[in-house]
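Handing you a structure now.
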Amino acid sequence: MGTDPLPLDPRIAEALASVSTATLTTVLLKKGLRNVWLRGSRPLAPGQPRIVGHAYTLRFVPAREDLATPASWASPISTRAAIEGMPAGCIAVVDAMGVTDAGIFGDILCARMKQRGVAGLVTDGVVRDLAGVLGTGLPVWCQGTAAPSSVTGLTFVGWQEPIGCGGVAVFPNDLIVIDMDGAVVVPAALVGDVIPAAVEQERLEGWIMREVERGVPLPGLYPANEATTARYRAWVDGQQDQGPK
Amino acid sequence: MGTDPLPLDPRIAEALASVSTATLTTVLLKKGLRNVWLRGSRPLAPGQPRIVGHAYTLRFVPAREDLATPASWASPISTRAAIEGMPAGCIAVVDAMGVTDAGIFGDILCARMKQRGVAGLVTDGVVRDLAGVLGTGLPVWCQGTAAPSSVTGLTFVGWQEPIGCGGVAVFPNDLIVIDMDGAVVVPAALVGDVIPAAVEQERLEGWIMREVERGVPLPGLYPANEATTARYRAWVDGQQDQGPK
Amino acid sequence: MGTDPLPLDPRIAEALASVSTATLTTVLLKKGLRNVWLRGSRPLAPGQPRIVGHAYTLRFVPAREDLATPASWASPISTRAAIEGMPAGCIAVVDAMGVTDAGIFGDILCARMKQRGVAGLVTDGVVRDLAGVLGTGLPVWCQGTAAPSSVTGLTFVGWQEPIGCGGVAVFPNDLIVIDMDGAVVVPAALVGDVIPAAVEQERLEGWIMREVERGVPLPGLYPANEATTARYRAWVDGQQDQGPK
Amino acid sequence: MGTDPLPLDPRIAEALASVSTATLTTVLLKKGLRNVWLRGSRPLAPGQPRIVGHAYTLRFVPAREDLATPASWASPISTRAAIEGMPAGCIAVVDAMGVTDAGIFGDILCARMKQRGVAGLVTDGVVRDLAGVLGTGLPVWCQGTAAPSSVTGLTFVGWQEPIGCGGVAVFPNDLIVIDMDGAVVVPAALVGDVIPAAVEQERLEGWIMREVERGVPLPGLYPANEATTARYRAWVDGQQDQGPK
Amino acid sequence: MGTDPLPLDPRIAEALASVSTATLTTVLLKKGLRNVWLRGSRPLAPGQPRIVGHAYTLRFVPAREDLATPASWASPISTRAAIEGMPAGCIAVVDAMGVTDAGIFGDILCARMKQRGVAGLVTDGVVRDLAGVLGTGLPVWCQGTAAPSSVTGLTFVGWQEPIGCGGVAVFPNDLIVIDMDGAVVVPAALVGDVIPAAVEQERLEGWIMREVERGVPLPGLYPANEATTARYRAWVDGQQDQGPK
Amino acid sequence: MGTDPLPLDPRIAEALASVSTATLTTVLLKKGLRNVWLRGSRPLAPGQPRIVGHAYTLRFVPAREDLATPASWASPISTRAAIEGMPAGCIAVVDAMGVTDAGIFGDILCARMKQRGVAGLVTDGVVRDLAGVLGTGLPVWCQGTAAPSSVTGLTFVGWQEPIGCGGVAVFPNDLIVIDMDGAVVVPAALVGDVIPAAVEQERLEGWIMREVERGVPLPGLYPANEATTARYRAWVDGQQDQGPK
């Protein structure tokens, strides 16, 4: 169903290995995109890894008692079928319409995703059976936990379609980056522009942070005025003279 | 795009001509369906007609600045293209995710829908250019009005797909009935069962109302106990003896 | 069930005949009560009368599918039984927990209340079958209308108990006053103090309004400084010299 | 207190006399501004006039019982003092933090504003004493009505300062335009650019509306493709040949 | 006040010792009950035990300044009196109407409940004095913490009455089960039916989980088709042949 | 900009060293102040210290795309300028209007505040770059974390002005006390009265807690009746006879 998933170019993963989601939002803002951070995408467990991958989208609508039943789990259009289509390395992004009283997945589905090599799960909803989900080791970002199953509040309708998640539009194969601050979408068409700008922004902010730690006041430093920019450029040149780190 | 629209059987429209949405929800509840009334579907203007039709669904996701632009209005996947596919007599049901600060349609799109014979528009969002929309004469049920255009807050992604609208699942070609209390969905598969039960329920409640007006107390009357039921059946029989009205 | 209703002293109704709910809230605020106005208590229809009466309370909790059924309407603890206990002149105050997608009453129950001489209905929920309810002539203040019946979202549990309604505590037999601004509760124990202060406040504000219309600036006038107070007292004395109006 | 108010250039009022707030938001969106419509700014009464004026801002913070008292109404920093500084023709824009259970103004303050020639009042809060406020004839856009006074929920802290109102930033002397769709802010620095673009957009949409009424389908018409644009330009030229209207 | 508490049958506690709340909600859904999980019932501290007990209900309404005072704590209808009626092993279920800015109990009341042998406290509100409450060792599920006392926002009105808690109806002596996913109510009348179904569901899901870990894909496994069911039944028979574990 | 900051009298810090925010809210309630606890002020990290200091206020309004830009960070009215005015020992209290999808500060600004000796940061919004902020060691109380920067959702407009924060009015130099339960404001004018009452209340509740642990039932103990008060007074006298602790 829907758009075919794409493998992730390993150079993208490498380039973004040390770029925070905070930095990505700053770069996207400078390109005019303010609405790229998925509200409610909190880490389920402390210590979850930073992940980068293509979005594999799933979509729910509200529950209707004739459709949202345990029997529907055996339908060809079911979360089970969607999971069996997930490629290794993808990030499952699930539109649960922000519903917090019906867990979209429990331990069994998360275990299967982990087995298939899915990098992580992000949703604006919640999961169920917290102990079991933690046991699978699948990294999850969501709004929390609820005991009831998905069909208590949600009807599953498809995968690899455009969705809204946490108030943000996500299209199949958009790039997703997630860390302690949650999940950010980088639109597929902008990835090429965003990566170099983000890497540079991260380096600049690292340098500014060291200046602050040295006691330099903020005005003129952050954002950098001309004199500060010159100092930074000199530092960059010095770094590069020392060869690759 | 999506499911083909279906024409409405005129016998359905006739049978439901005098059945209120309140009665339909009672009948659906007795079949186990509690979640069939579209929240936020208030009449835009007083005196709008009661309407019955098949759902023709439209779907939005949140705005992303690279996609939700005035230029997108010329895309093949646009509200314009969706409107040109609407058959006469359908009811446009629009999933705006409950967004109340971006009007999905203004006077121009509503005028075109009216020209195509669309029976009405229902959404969990809002419309814009209130004066202009009222001028088109298209019956609208929604959450109100906002000046900004759809792309200020929404990205259009498709039509005749399953949607959520006002917290209810709506599938293309489900039956929609709307009156002063708002919009109710009758799942396509249940229409045959629901209609006779609804017509009977309406007749029963009409009779009970007359009993109340005669001063009969509620206990035993509503719901009807055995004695009341016998009196009602006798009245029904008397009515039928007098021939069709 | 619960506390016995009390008849309203006609002198209270007379004294409050021309006191607005806005004035009552000001007087109650001066006595330290800020939380006396029922949120969401909007008039259902234009032109509803100003009413004064004792609270007759009803209480709902959320729906549970084993309890909230059409069959429950015949139970001894039902809205029907509660209505049959309402005395003429009371104001039914219904705790619907702010639920807006299940109408607490429709045309039949409202017709019965009207027949029993109930002065009005106020709730933080909604009613159903708008056309029918308007037809009964019962004055209603609520959050609006929904097609589904009460049992779709609510379980009825009792009457003449303490309740919350619109974020305010209401006890059986508290005094309720309702006008275009909605409903205010005057705690039973404070009625004796509140009435004379409210009548005087209303007179004072009427005089100030006339001063404003004459072009007097606000500072010193409202609130009144010493000079203004002296002028007002002189006017009051003049009024009283002219004998009762 | 705060920024001095500025008189409105009558050419601005004239130019915007027939431009809707919907059109203004479209023009502002094309300049990158999506957040310019004040949420919750609904007309208090039907038939209120379209108004244009400079923002005269007022600011509340939450109530604290030691500060938000009837006595505070006599303070030099009070709504009374703010009103006495309002110039004729201004639009009072009041940040009530979206509070809907404390009316910012009642009949007396609105009467004084009307006397001073204030063009209208817009707030993300509510007013009190609905009957009295309607009686003053001051046009009001707000979220509705509540009986309690401002100090029940709000502390007044100043005027002609930057504020948020309905989720939008408003600075003193920004241009405000209000019609049936609510209130839009045009930042002072953008007025010169926005007006000609808005006038042209309004003319274009008027022409498109007539084309729709003639039965022209939407694709290619709205937005206009090259052929449509050529037809429109020809029509404009024809109009201008006929001389000023 | 209200319904007498009942002791818990120890066989119920034993049967449910290894059944998760997630499994209970699945079983209740199959019986038509979707609304049984208390929203907002999150563990206050990590590592709280799984508990099972009868509901002992408490009920608050909103604060009114003449009633909700520190003096009210000495009234015969007070949280103190309610606590003194709690039997060992009960679970206190407190309807705080979802209020999150007034803590229903602090260290002193929780210490007393712990002394009386109360198994745990669940509320849709919050507690206060977090350090102190944690110090008592009483397991608590709630929405979090706030410094203000209950009377800042709530008036206590009774105990062992029907309540709403977290959007769910709870009656005195309903069965409550709580784990890391929060609290689920099993209606008293359904306990006999629910327990064997839940024990079987738990065993089935445990077997499916092991199948997933072996790499079996989801379709046909979960939910189980005929072949899977046969394999499961064979495994169950094998287990039972090996005698009790 | 705004009011000058004031140094904290060290005797206040000392007196409040062992008084909880819960106790402070009880004392303030007895003086008629119910609205003094900042909603949403949760500790960002476990183990943050208890802090006392004067409020240094910052104020945001909603984002407008022409104002809320990375370029604005270099303006004289910027968060940077505000931070450079913060005295050692102050508590930064930031009105972010409860916005949870734009982080007001990240690691760089928090590092600078830490360097200047700021005691802590409290806001009704969120911070960004969680790992970086935790690294600075600045104690933070807020609603959580978001990746986007402040200008994504907020426009900074000033400091040391009256603000609302978490639904509470805060004026520059009000006293702020924060612990695990969040932040409480003690109005500057009431500090002298509140401190001795709070110290005494804390001692009384400590004694009551010990009585509960001895098994004394609540009625008559908490609140204390005459006999209990006499016992407590005797204990206090005994304590004081033993000399200062």
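The chains carry the letters A, B, C, D, E and F, assigned in the order they are written, with residues numbered from 1 in each.
The criterion applied here is as follows: a residue touches a chain if its C-beta (ideal position, glycine included) is under 8 Å from a C-beta of that chain, and two chains touch if they have at least 3 such contacts.
Quantities reported herein were computed from a predicted structural model and do not represent experimental measurements.
Chemist: Provide the labels of all chains in contact with chain B and in contact with chain E.
Modeler: Both-contact set = A, C.
Chemist: Would you mind checking which chain's C-alpha centre is most distant from the centre of chain E?
Modeler: So the farthest one, by centre of C-alpha atoms, is D.
Chemist: Taking all residue numbers at the chain C/chain D interface, are over half used by both copies (same) or under half (different)?
Modeler: Different residues, largely: of all residue numbers at this interface, under half are found in both copies.
Chemist: Determine, among C-E, C-D or A-B, the equivalent of interface B-C; equivalence here requires over half of the contact pairs to be the same by residue number.
Modeler: C-D
Chemist: Based on mean C-alpha positions, I'd like to know which chain lies farthest from chain A.
Modeler: Computed centres place C farthest from chain A.
Chemist: Quick one: chain B and chain D, Cα centre-to-centre, how many Å?
Modeler: That pair's centroid distance is 33 Å.
Chemist: With chain centres taken as the means of their Cα atoms, state the distance from chain D to chain F in Å.
Modeler: Distance between chain centres: 37 Å.
Chemist: Report, in whole Å, the distance between the mean C-alpha point of chain D and the mean C-alpha point of chain E.
Modeler: Spacing between the chain centres: roughly 50 Å.
Chemist: Check each residue of chain A and list the ones that touch at least two other chains.
Modeler: Residue numbers touching two or more other chains: 32, 34, 36, 63, 65, 167.
Chemist: Name the touching chain pairs, would you?
Modeler: A-B, A-E, A-F, B-C, B-D, C-D, C-E, D-F, E-F
Chemist: Which part of chain B faces chain D closely enough to touch in the complex?
Modeler: Of all residues in chain B, those touching chain D are 63, 65, 70-71, 73-74, 80-81, 83-84, 100-101, 103, 106-109, 111-112, 115, 128-132, 144-149, 151-153.
Chemist: Considering the complex alone, what residue numbers of chain F touch chain E?
Modeler: Result: residues 20-22, 24-26, 29-30, 34, 36-37, 39, 42, 167, 179-182, 184, 205, 208-209, 212-213, 215, 217-219, 222-223, 225 of chain F touch chain E.
Chemist: Mind listing the chain D positions that touch chain F in their complex?
Modeler: For chain D paired with chain F, touching residues are 32-36, 61-68, 97, 155, 157-158, 161-164, 167-170, 187, 189-190.
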